[in-house]
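Next up, some structures in structure tokens.
You will see two complexes here that share subunit A, one where it goes with subunit B and one where it goes with subunit C.
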Partner chain A sequence: MKRKPLGGYLYITPLLIGVILFSVYPVIQVIWMSFHEISLADIRSETFIGFRNFKDIFAMEDPPFISVVWVTFAFVGGSVLFHVGAGLALALLLNLGWVKGKNFFRNLYMLPWITAGIMVGYTWSFLFEPRAGILNYLMSLVHLPSQSWTADPKLALPSIIIANIWRGVPYSLILETAGLQSINMELYDAAVVDGANPLQILTRITLPLVKEFILLNLILDTGLTFQVFDTIFAMTAGGPLHRTETFSIFMYYTAFKFGKIGMGSAISLLLLIFSLIIAVIYIKFFRPGKERYA
Partner chain B sequence: MKKLLVIFFVLFLTAGGFVFSGGQKEAAAEQITLTGLVRNYTVKQDPPWYSAVKTFKIKHPNVEIKLEGLPYNDQRLKVLIAVGAGKGPDIVQVDCIWLGEFASNNIIINISDMLNADPNLKNDYIDVFRKSAQWQGKDYGLWLYTDVRMLSWHKDLFKKAGLDPNAAPKTWAELRATAKKVNWPDQGIYGYAFPAFSTDHTADRWYPFLYMGGGSILSKDYTKAEFNSPAGTAALQLLVNLMDVDKVSPKDLLGIQEKDVSNGFKADKYSMMIKVGEFWKDYRKKGLTMKQYKEKIGVAPLPIPEGGKPATGSGGWIAGITRDSKYPKLAFEFLKTVVATRNMADFVIANGNIPTRKSMLKLENEYLASIPYFNVAKEVLPTTHFRPPIPEYMQISAQIVDAIQKALTEEMTPKASLDKAAVKVNEILAKRKW
Partner chain C sequence: MRRSKTNYISRILVYSILILYAIITILPLYWIFITTFKTPAEAMSFPPTLIPRSFTFNNIIEIFSSSKVFGFRPFLNSTIIALGTALIIAVISFLAGYGFARYKFPGRDVLLISMLFINLLPTLAVIIPIFRLFSLYHLYDTYIGLILLFSFRTAPFTSWLMKGYIDTIPVELEESAMIDGCSSRQTMGKIIAPLAAPGLAAVAVLGFRAAWNAFFAPLILTTSESIRPYTIALYRFVGEQGEVEWRLIAAAAFISIVPVVVSFGIFQKYFVTGLTGGAIKS
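Entry: the complex of A and B
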């Protein structure tokens, strides 16, 4: 007997309304605003200007648009690579049978993730502090010269990446742990009986089976890292000389400091497009379900 | 006929009495609420707001005043967004650098008529302050309080270097020479600190050195960049000399927020720094008496270049009335209560700020007894300058901060970086809509 689909649609209607109101409508609004000249101090007055906001963004010199793209991708790439890598490594470690107090360590590792981004920024600012910071103190113990971490145009970007890695690893740890716990233990028993060594178990069983979790982790973490604002703002405010000015900081300054809401929306739209392109690349690259249905 | 007239008169009085008593009853019953978005630290004490509310309510018992305190960054955004949505408060506290943006977009209203109606108050403002609360010749707010940039130094570190702890450097050459003597980088103590982070503080603390050589940020009509004059180049060269040549100002200032530079000074990490005098409030909280403070911290006018003239810069806060206010006259009356001499003097004394009105300056003895640097502030006040109160100021400031950072990181010479920034600023100003 065939069920009428209407009932199903009724069930999802509340959620659908929520998605339209809180996700679809804001995106449409941002697209609409990005083609208008809107001033923060006169928010009700909009003038249609076509692609001029985008043209102005691409023509910008301080910071040049390409520099913002580079800083953003370096920040996102560096952060996500370590988030997923270290998260997976920790998840694998905490999944080993002989490790005691797994729940304690999992909860402990969650602390950075539940800490507000701005607090993470301030905390790492203290750690990176050139004279009183612990990092330079540790370097002095091994006779390395102290560094002006967040003040040096060459070191500022790595500094904010390190702080963001520390904050984001727990998120990956939880996702990867969920993936590892979904694997049927009988597969491991069978592999051991067949004489597989730990490396073979990892590469032939564990990684292929958590691949979809890694993909999910990559997509979600990339999206979240693109939006990181407070940690960077607290540590460097995008400086020195725009060397840590990611899309989110660039958007904030344009829209709220300089009051150009239309141009800020155009930057947000570009950020959305970049995020979507990367998500598509991830999906194409990983092709989830390929093994299952091939 | 007489009877008729008497009846008519009685009826008229009765009707009139009824109408007037009814009207009064209505006025007395009408509950009015005035709202205000103000700075968070001003609502942590009685003056200036809550003390004014108490006084105001005696005359207007039907008026309730609700105030919300906000941190610096939220203040501008929340006001602009609230007024943009048509739900702005009646009263707002406005940083003097936002005045042009707020006034040109009618976020705050022209109060010239109301201020002109009170010549005592109008003429009580020190001229430079009244003018800096004006946009295109019209008054848009009442000045609340100000501050001035001065040189602060650690007397004990001067003593350690064998210097007279009460003698501040008076010229740029003396500043460089003194900074070298009170510079112990191996002990984590540097001679001189100034903000160099990516915020307006960096430009703001550079401007006084620009003014000293006769320079200015923009032309008098605010339409052209002038900060790249020889005075500007010399002022920026001074900072480069301190950081890159003399190495008395650490490079890490480029990565430290202004408040952390101040904290560094309080932790004896810098011997001297350019500051606005807020140290006193912090030290007082720690239990230091004024005498102890004066023994510890020296305050003096900023050193000037050879052949230059004394100059400094000021910031500060203005109170305005938004276009959303339903009761602008009532709001103005409340603001007059806030800025009343005694009320504002109490705030200035509690907070360590500087008054902006002649009648307030007459209470000099009170300030001298409670603000350790007031004598110096009073001395430099006539030489103070304000940042341009135009809507584009934040964009201009960002360009100047970039120029300062480029020179400090030795990516460009001071002249080249200022010239480049001036081109950008002229482009920004060419697009102005006022």
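Entry: the complex of A and C
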């Protein structure tokens, strides 16, 4: 169909204006702000200080910068691995023709994802609670020693990862299910007629076709997990001994508790660069959309 | 097509996995659910009771009574913000999705990839400039500030989603409508919008959820009780308490989950069945 190409711009204008105001402009602003000293008490004025904010971040001792990096990567890595793995596995099982109660299972699995992150945090704090919590109670039934979980420097990070895995699996499940459902059923019919077995159908038809959705899933989930704040904030608030202090918590404290807006911007910029690197890697390697109808 | 026979053991295995994960999913929520309706004494008892012995609505009533906890206002604030976001996001994503799906214009592919990039930029990383922007332009501590922020931070993703939906609607349907004398606008309103309704519903519910559940942005961008959502009100309440009262937190969590469950429940079939493939195939 012939359409005037300029018409397309008209439809995307509202999106573009919003994106410029709420994403592009703030990104430019955050770069500029990270080279200035700005205090929360007087947000309108700033002093240019070059790279001092970055030097301060790297030289920081409480917590050391490397600790924040490690905690963030452990949190993101652990979460995303289980999100995508479990999400894909459940989506594949629920895509089997003979499974009954598909909608029941799908809707049930969605529940953690539609629950507010702060509520997920409180819910798991409650489960992990040393005295009244159900987890220690269940462990006592099988004669395991009770733990202080989120208050224990060793167990705090695994605890928040577990809570976040629980929260994020449904999101991967939705994406993978959408991927599986977008596959033309005639392909399966043709494969069955040609005598393919279930394993061949999985490896030769399903997986190559959902590759794009696995990629999209990895990109989006990594991006989302990097910014998880509420669940961690509710469970540990970064403690004990900074053992669960991710970039997000660290940035919040720097900018809004200690009032160092300039340094907070510098942390934001680092976070931004990490996100961009990940995005570039994924898009370079897999180029979403290009192989879709190949 | 003949029905493939699957053996007994693999069936048991598959159902076991599905049921096990269902239990993992439901157990924490079940715990919140029963604690919501427990009396204070039972809620604090040890060992915890998995099957409640008492039943009371008092915890929910306490949440809504402003003298004891934080009242109804924070929930009203969240409702206004979430509905506003759902509406704006549906309109923007539909328009952008249509533009991207149906027009080949210079820079289209670059813009599409840019939207993926922008979706990946954490809101967290741009919240400081937005905080400053809001402070300078009187959007700090307002409904509209939060609505615009949630809408436009989610729109790059939902526009992709809408583009995907509209891509699956055959262009031929529009062409024949145009031959029958429909204008381009009429085609969009009368042919595309109804067929894309599942996508629109999905996008609106996603926007609602994003705004309803938000914590970080309102923590930084609101201050007054007449604006702040229930997530912040609960956080402040927990902070002000000397001793954590789990029954009240559980009740607040339970109340907050209900609207999202209901909205997902109503639009559930749109998420599951997707587009009405049958009508288009022929």
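Here is the rule we go by: the second predicted complex is superposed on the first by the 264 of 294 C-alpha atoms of A that agree within 3 Å, B and C clash if a C-alpha of one lies under 4 Å from a C-alpha of the other, contacts with A are read in each partner's own complex, and residues count from 1 in each chain.
Methods note: a contact is a pair of C-beta atoms (placed from the backbone, for glycine too) under 8 Å apart; a residue touches a chain by one contact, two chains touch by 3 or more.
Predicted model, so just to flag it, every value in this text is computed and none were measured.
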First, second, both or neither for A:R44, with subunit B first and subunit C second: both
Partner chain(s) touched by A:M119 [first = subunit B, second = subunit C, both, neither]: second
Comparison of subunit B and subunit C by subunit A residues contacted: C
First, second, both or neither for A:L241, with subunit B first and subunit C second: first
Which superposed partner A:F256 touches (first subunit B, second subunit C, both, neither): both
Subunit B versus subunit C as contact partner of A:R131, first or second or both or neither: both
First, second, both or neither for A:K284, with subunit B first and subunit C second: neither
Touched partner set for A:K154, first subunit B, second subunit C, both or neither: neither
First (subunit B), second (subunit C), both or neither touched by A:H143: neither
Subunit B and subunit C contact sites that coincide on subunit A, given as residue numbers: 43-44, 129, 131-132, 256
In the complex with subunit B, residue positions of subunit A that touch it: 39-44, 61-62, 125, 128-132, 148-153, 156, 236-242, 253, 256-259
In the complex, subunit C residues that touch subunit A: 1-2, 4, 6, 11, 14-15, 17-18, 21-22, 24-26, 28-29, 31-32, 35, 44, 46-48, 50, 91-93, 95-96, 98-100, 102-106, 108, 111-113, 115-133, 135-136, 148-149, 151-153, 155-157, 159, 171, 174-175, 178, 184, 209, 212-216, 220, 231, 234-235, 238, 246, 249-250, 252-253, 256-257, 260-261, 264-265, 268, 271-272, 274
List of subunit B residues in touch with subunit A within their complex: 77, 80-81, 84-85, 101-102, 104-105, 107, 188, 196-199, 250-257, 260, 269, 391, 394-395, 398-399, 402, 405-406, 409, 411, 424
Subunit A residues within the subunit C interface of the complex: 1, 3, 5-12, 14-16, 18-19, 21-27, 29-30, 33, 43-44, 86, 89-90, 93-94, 96-99, 103, 105-112, 114-119, 122-124, 126-127, 129, 131-134, 137, 140, 166, 174, 178, 181, 189, 192-193, 198, 219-220, 223, 226-227, 229-230, 233-234, 247-248, 251-252, 255-256, 261, 264-265, 268-269, 271-272, 275-276, 278-279, 283, 288-289
